[in-house]
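As written, the chains take the letters A, B, C and D, and residue 1 is the first residue of each chain.
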Amino acid sequence: MKTPEEYVDSLRPLKRDIYLFGEKLEDPLDHPIIKPSTNAVAMTYALAHDPAYRDLASVPSSLSGDRINRFTHLHQSAQELVTKVKLQRVLGQKTAVCFQRCVGWDAMNALDSVTHELDEAQDTDYHKRFRDFLRYVQENDLVCVGAMTDVKGDRSLSPSQGEDPDHYMHIVDERKDGIVVRGAKVHQTGIVNSHEIIVMPTASIREADADYAISFAVPTDTEGITVIIGRQSCDARLLEGGEIDPGNTQFGGHEGLVIFEDVFVPWERVFMCREYRFAGMLVERFAAYHRQSYGGCKVGLGDVAIGAASLIAEYNGVDKASHIRDKIVEMVHLNESLYSCGVACSSEGQATKTGTYLVDVILANVTKHNTTRFPYEILRLLEDIAGGLLVTLPSEKDYRHEELGPKIEKYLKGKADVPTEYRMRLLRLIENMTFGRAAIGYRAESMHGAGSPQAQRIMIARRVDFEEKKRLAKTLARIPE
Amino acid sequence: MKTPEEYVDSLRPLKRDIYLFGEKLEDPLDHPIIKPSTNAVAMTYALAHDPAYRDLASVPSSLSGDRINRFTHLHQSAQELVTKVKLQRVLGQKTAVCFQRCVGWDAMNALDSVTHELDEAQDTDYHKRFRDFLRYVQENDLVCVGAMTDVKGDRSLSPSQGEDPDHYMHIVDERKDGIVVRGAKVHQTGIVNSHEIIVMPTASIREADADYAISFAVPTDTEGITVIIGRQSCDARLLEGGEIDPGNTQFGGHEGLVIFEDVFVPWERVFMCREYRFAGMLVERFAAYHRQSYGGCKVGLGDVAIGAASLIAEYNGVDKASHIRDKIVEMVHLNESLYSCGVACSSEGQATKTGTYLVDVILANVTKHNTTRFPYEILRLLEDIAGGLLVTLPSEKDYRHEELGPKIEKYLKGKADVPTEYRMRLLRLIENMTFGRAAIGYRAESMHGAGSPQAQRIMIARRVDFEEKKRLAKTLARIPE
Amino acid sequence: MKTPEEYVDSLRPLKRDIYLFGEKLEDPLDHPIIKPSTNAVAMTYALAHDPAYRDLASVPSSLSGDRINRFTHLHQSAQELVTKVKLQRVLGQKTAVCFQRCVGWDAMNALDSVTHELDEAQDTDYHKRFRDFLRYVQENDLVCVGAMTDVKGDRSLSPSQGEDPDHYMHIVDERKDGIVVRGAKVHQTGIVNSHEIIVMPTASIREADADYAISFAVPTDTEGITVIIGRQSCDARLLEGGEIDPGNTQFGGHEGLVIFEDVFVPWERVFMCREYRFAGMLVERFAAYHRQSYGGCKVGLGDVAIGAASLIAEYNGVDKASHIRDKIVEMVHLNESLYSCGVACSSEGQATKTGTYLVDVILANVTKHNTTRFPYEILRLLEDIAGGLLVTLPSEKDYRHEELGPKIEKYLKGKADVPTEYRMRLLRLIENMTFGRAAIGYRAESMHGAGSPQAQRIMIARRVDFEEKKRLAKTLARIPE
Amino acid sequence: MKTPEEYVDSLRPLKRDIYLFGEKLEDPLDHPIIKPSTNAVAMTYALAHDPAYRDLASVPSSLSGDRINRFTHLHQSAQELVTKVKLQRVLGQKTAVCFQRCVGWDAMNALDSVTHELDEAQDTDYHKRFRDFLRYVQENDLVCVGAMTDVKGDRSLSPSQGEDPDHYMHIVDERKDGIVVRGAKVHQTGIVNSHEIIVMPTASIREADADYAISFAVPTDTEGITVIIGRQSCDARLLEGGEIDPGNTQFGGHEGLVIFEDVFVPWERVFMCREYRFAGMLVERFAAYHRQSYGGCKVGLGDVAIGAASLIAEYNGVDKASHIRDKIVEMVHLNESLYSCGVACSSEGQATKTGTYLVDVILANVTKHNTTRFPYEILRLLEDIAGGLLVTLPSEKDYRHEELGPKIEKYLKGKADVPTEYRMRLLRLIENMTFGRAAIGYRAESMHGAGSPQAQRIMIARRVDFEEKKRLAKTLARIPE
């Protein structure tokens, strides 16, 4: 298992075309906007070496028996699925942002059973290819980004109907040694911090669109890949050099638009090739694992939000007010409700045919669906408790200013024994979570990550046995079948 | 293990003072209003003998090794706590009402660890007494009602401050062979269907109120006990003799006001006697187990509600409408969210010192707190989908009327191939769940059973480690400790 | 203007076929279940003669100049629309049920402008006919029921597509002197208490269904009309003769299924005949007026709910608890939010071509849509505050029982100076509003009256100028048109 | 009435100590961060000269008869209160931010009646002083900031109990010609764009704190005043010079911390001086007017949010999806509910003793309380509809980049006929409203402006006649008084 330092060092040699603000980044890992995001991923390495978290963050590999970082592990029991959620909660607590390593983990667990079932249904060897790849990932303790969402263009049209065939990733050429693909994946969280990119289809695929039914993995520095980092709320504050105004100087996240222009993928890295019937299965399983994840990580962010609310109430001198206490209890209630969903979809997990455990699909969708609601209400309450100063606070430069500093110190003092600077630091952390960079992770990602709300509703509708429930009602109402 | 018939027969010999509508019931089990409630309890016996549910509903006793009804069992693992919830969900699905046997079960599991810890703290033998009682219950497969809620009088006053000392159950005399108690317990669900009554204090107790810190068990036909059955919405329909209008003719519930006028309790049946310091612990543990229960039983009722909604939509010809489908998905989402809480507080359970498992207390409170919200919204959606006919439907007598019957058949016909009578039966079932007898179980009991909403908020506030959460925020905001 | 007594006397001579519980009612106005509903309508007459409410409840007729009951008046200004809402709030406060006279009032105001616009578009004299009818209603101070909702059958089919052509009211014969109609209207609130029935189509109508595009008025004792009264939650309690258990012995409501079997309507009473293009306009205008109404009457019921919550909190000794006070404030907030909608859609009303004022249609739909939500939450809070005794209270007969009475008096005593009987009366009133007869008015009617929730969403979607709103966004984002 | 240009010119000569990012602004009106906020205020001048809005935005003065900008007018009728809300809605639609001029307007209307009632109660001439000031404001068409919120320090302590007496604005010296004050007001919206600052107390004041019971007006360039502009989410983007990334380049808002260090106020500008008994009245009336305002301005922002949602759905090709349409209808419903409250508290307004109309206080508080909820849900839905690209979109510089530009054009294309740049512009506008600068106005200001949520609950609880409501319940339950 790599240490955090070894992890960062292992990324440095990669030669990649990464752009931010219209400039190609020569040393992306040192860029003030990227570095906090790398720190967040590095925390997944740090915990594995931290005696307090070793069992949570590392585990003997089911493939090799060697101790590996849990983020590269195939879940071997329902309890291990629960452990995943607990690990994610801790990481959310420690970073207050997305730590980016789950999507690849979830992709690997999904591919494990799907490639097996693909092979079962036909004469292919995808599962072996995938397992070889996974062994390589485990041995080298790599970060994989899981790339699902195509850019899609006009969403009312299917891949082959659309104006531009490249709006969905597809095969443009098939060669003896592999395939050539074109397309682009958006919202690629942590792409800069990843060694490998695992591509999956974005949705179920019909026969006419078979060329779009592909899954594979390539290193992130493969020729033909261009990455454009998206800009985030308040990102520019990290360029200012201060330590208060960014709110969370240590940790952040990033997303990239990843463009594949005729990228070659060797056969040993191809895990699905035109098997359109299995595209939906891969999407559903990946989505299920990834929807489970939100019942862990976002709960960790919720813990920070609750801690911040409790602390700012204290700094403002209102922590004894009954309405404040009640609102904080409500935040806890919502956060633990979400956690309950994360735990339940895990503890109700079942083994797939490979022995890798899959979460309960309905409950995982329920978990994610609540994630599209509860964090918003938690943040609303946090904004309520924080008070108006959250959005009217003078800048760090004002506070550091010779004349203004003492005025701010005097007038923005809250509780007598708390330095004004602490109050400012805390308010900036809250701003970061409600409006700034972490709000992207806690709000927009809670909404759209692992599928937008409607995707969960569709899956719930598809999976629930309504006929069985109707029978219950008929029996009680004494209506004959 | 008793069969349902043996169970009912075992209750018949009991000579009890049970009143309903101002009359003493000579054969309460045959009363049209009581009988459906007995049927509901009997279902807990039936499942234990049903091959399809045997493992769910019965289990080898941890005390004797004999196969016993699970409703008398001490939970021996977190998985068994989950099994409890699953059993409750099935029973809720099959009865659509409260099946009344959980409260005693939860009381027994709570007493097991609390009596042990009481003995540990002082030189008493409560645990042995309790275990002897429990063996008796297991061997005879008895139903116990768990009696916690005192009548309380003016709730702003403590037991000894109040106008009437008997507003809380207390010791009025101590004899060589036992104690004499006076007081009354309200909301005693299933009292008529119970062999034994297990009394517990209603809240934490201060030293000045030590006489109120008592727990014990007595048969329900003990001298000095008077039971007055409360009246329920639409109860009188059961006296009319029809089979449609009651909505659910097979199953129901009931509650009683149970008055103890100088009832004698022998020492071997006393499990706590003036140990006021442990009253709070008993209340909290019982409440935790009982709050978990709602994550099972009410989910079963939710399944019926969802089934009824799906079916009435079909009968009305609106099952394809997108807004109807969306509302049904929302019902499922809420119901499974509640179930997730029930599962999670169970799978996160921990062993107490006796080996009996206790649920995760915070998550169990979260479970119950959601129960005070989600069923209300599920029912609101059910009322929406059912349509106005839910509350304007002619009576069964009109439908059976020679001239009116054909008119109703013609004009209240929905979908062509569904007899109007089916539609009426289904609407009456829905009415039963939204306004009638089952609404008491699904709505008011979801609100107040196992403690009103504020009780959960207080417990959540007490159990959460806010200091730890504040530290998370401080670390991220770089505020020194 | 009639007095309440004159009103009741004027109904007595009507010879009608009214059935309840399979029996034809000879004196329906004296039936214990119907009488409270007649009382509620009578209150609309009483207020007109009560000096404290005279200006609210009566007004000079815009047709004759004579002082008339406002419930027969055409609104002559936006302020009069506001007055309507205030009158409804007062009546809701005084009865806690539906007082049944709005639907006819709303039908008359809608017909006034629609018949005028019909005549404008073609060579007909509907408006004159309608105005003649209205003068008759005003002069005789009549109650009209407004009959819109057809039984519909399978709702996925249009009137003429359905299995049975009579599932929607339609013309079966046209004669020199009038038309003959067949069909049935459900949910006819207050039909027994009404002199006249005003029939309208249930929805927009296509050319193929022109025979269904009819509106007319006939006396409720017209030959061929059969009424079957629907049964309501807890209706049977009114047959028991007590004064506590019914909760609200004075006031109630009722709905009827009204079947028209080849009923003849003379031309002078026909207000629309096959003009299918105007059916939608009539439905929309009537719906708009009637959706406004809910912003008045249900607010009055909310006031009673709030008063009951405040009083039971006091009786229970918890009125000082901060969480109780907070919940009551929330009830007020929701109730006044609803009232605001009622006021706003009125004060923003505009004159139609006849000078009769029409409410703002979008805001009226918003009003009703909130009515499908807020009362449910108000009741949930009321159930929370009321405590569990709400559903476990012994019956009146137990309380009147010689031996049980004193026990109940002692043990169910709350606050020291409040007789137990008061607490029981109040709890039964609350039960009436949450589970019983008034719950039908406050919950199910709030949901489905004047159209189910989706009907409002469709109307809102249809009326909002989305293009204008898109332009706002484009201008700000500097996107050229 | 000034034109927008004259308005801006009239501010330029003011010599003020205004700081931003630690620098004193020499020409604050030209600063890229301030200028959009000045534009927003200027829109209040522009509408008054725009024939389409003239009657909305200007009005004959009740003092002079001259046509004046409505933002300096005393409301002379309930209808004029409604007009205020309509004007605010239009301005919100046109700017999508806070246009800053309401707070001073609301302060002036509140002072008008309070100073009159002050004079009535004692021998003072505050009302005349105030009216003289108001005439000056009307004649010169000035912008006044209304300064209420003190910095407060530890909020659990009263002004004179606190660690620092200057945490609340107070009199430090009284001279023959006036008073000298010290303190600081936070969250001063639009301070840079204001000619005058009207100071009011922050809360009710007890006798011991009489020195804190002051109200007065001074020019914003008065000696001793220092302004520190707070920093806002994404403010730095305005320094980058682009036209896409700021989202809304034309309009913005700002808040300042305004410090008064021994500022002299001449008697003719003092409107309350130690009359602590009237401090609460001034606070309540100002709050009522200002809470009404939110039922106008934020509705305008909601219109933009709805327009943006409709447009992005179209650009993404999902505008026909039923769940998208349903969510947009929900946004409209919430927005119009809020508007209804704004209209209702206005149309129910009553004349004060000076003839100036005051809103209905309960309904105004209800309006604001809904503002602390509905915009949050509207934005949650907007984030849902916008899709993940909202937070992962590449920067404008990437789009303008020679090589990257065409890639972005190709891959981020949505609907075929919509240029990618339009989609980017729109997404940035949405980002601005959900995370960026306008989110401060739409979210945090909706929460805390005119008082945080609890302030409204306290006011509602204080104003509602609970005894009357209890009487309603008693009458219906037949409980004697």
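The definition used in the following text is that a residue touches a chain if its C-beta (ideal position, glycine included) is under 8 Å from a C-beta of that chain, and two chains touch if they have at least 3 such contacts.
Since the structure is predicted, the reported quantities are computational estimates derived from the model, not experimental observations.
Look at the CA centroids: the one farthest from the centroid of chain D belongs to B. Same-residue interface: chain B and chain C share over half of the residue numbers found at their contact.
Looking at A-C and A-D, the interface holding more C-beta pairs in contact is that of A-D. One simple way to say how far apart two chains are is to compare their mean CA positions; for chain A and chain C this gives 51 Å. We define each chain's centre as the mean of its Cα atoms; on that basis chain A and chain D are separated by 37 Å. For chain C, the set of residues that touch two or more other chains comprises 323, 326, 457. On chain B, the positions that touch chain D within their shared complex are 322-323, 326.
For chain B in complex with chain C, the residues that touch the partner chain are 19-23, 149, 151, 153-157, 163-164, 166-167, 184, 186-187, 226, 228-234, 236-237, 239-240, 245, 255-257, 259, 316-318, 320-321, 323, 372-373, 376, 380, 383-384, 387-395, 397-398, 400-401, 404, 407-408, 410-416, 431, 435-436, 439-440, 443-445, 447-449, 452-454, 457. By the touch rule above, chain A contacts chain B in their complex via residues 82, 93-96, 243, 247-251, 303-304, 306-308, 310-311, 314, 325-326, 328-329, 332-333, 336-337, 339-345, 347-348, 362-363, 366-367, 369-370, 422, 425-426, 428-429, 457, 460-461, 464, 466, 468-479.
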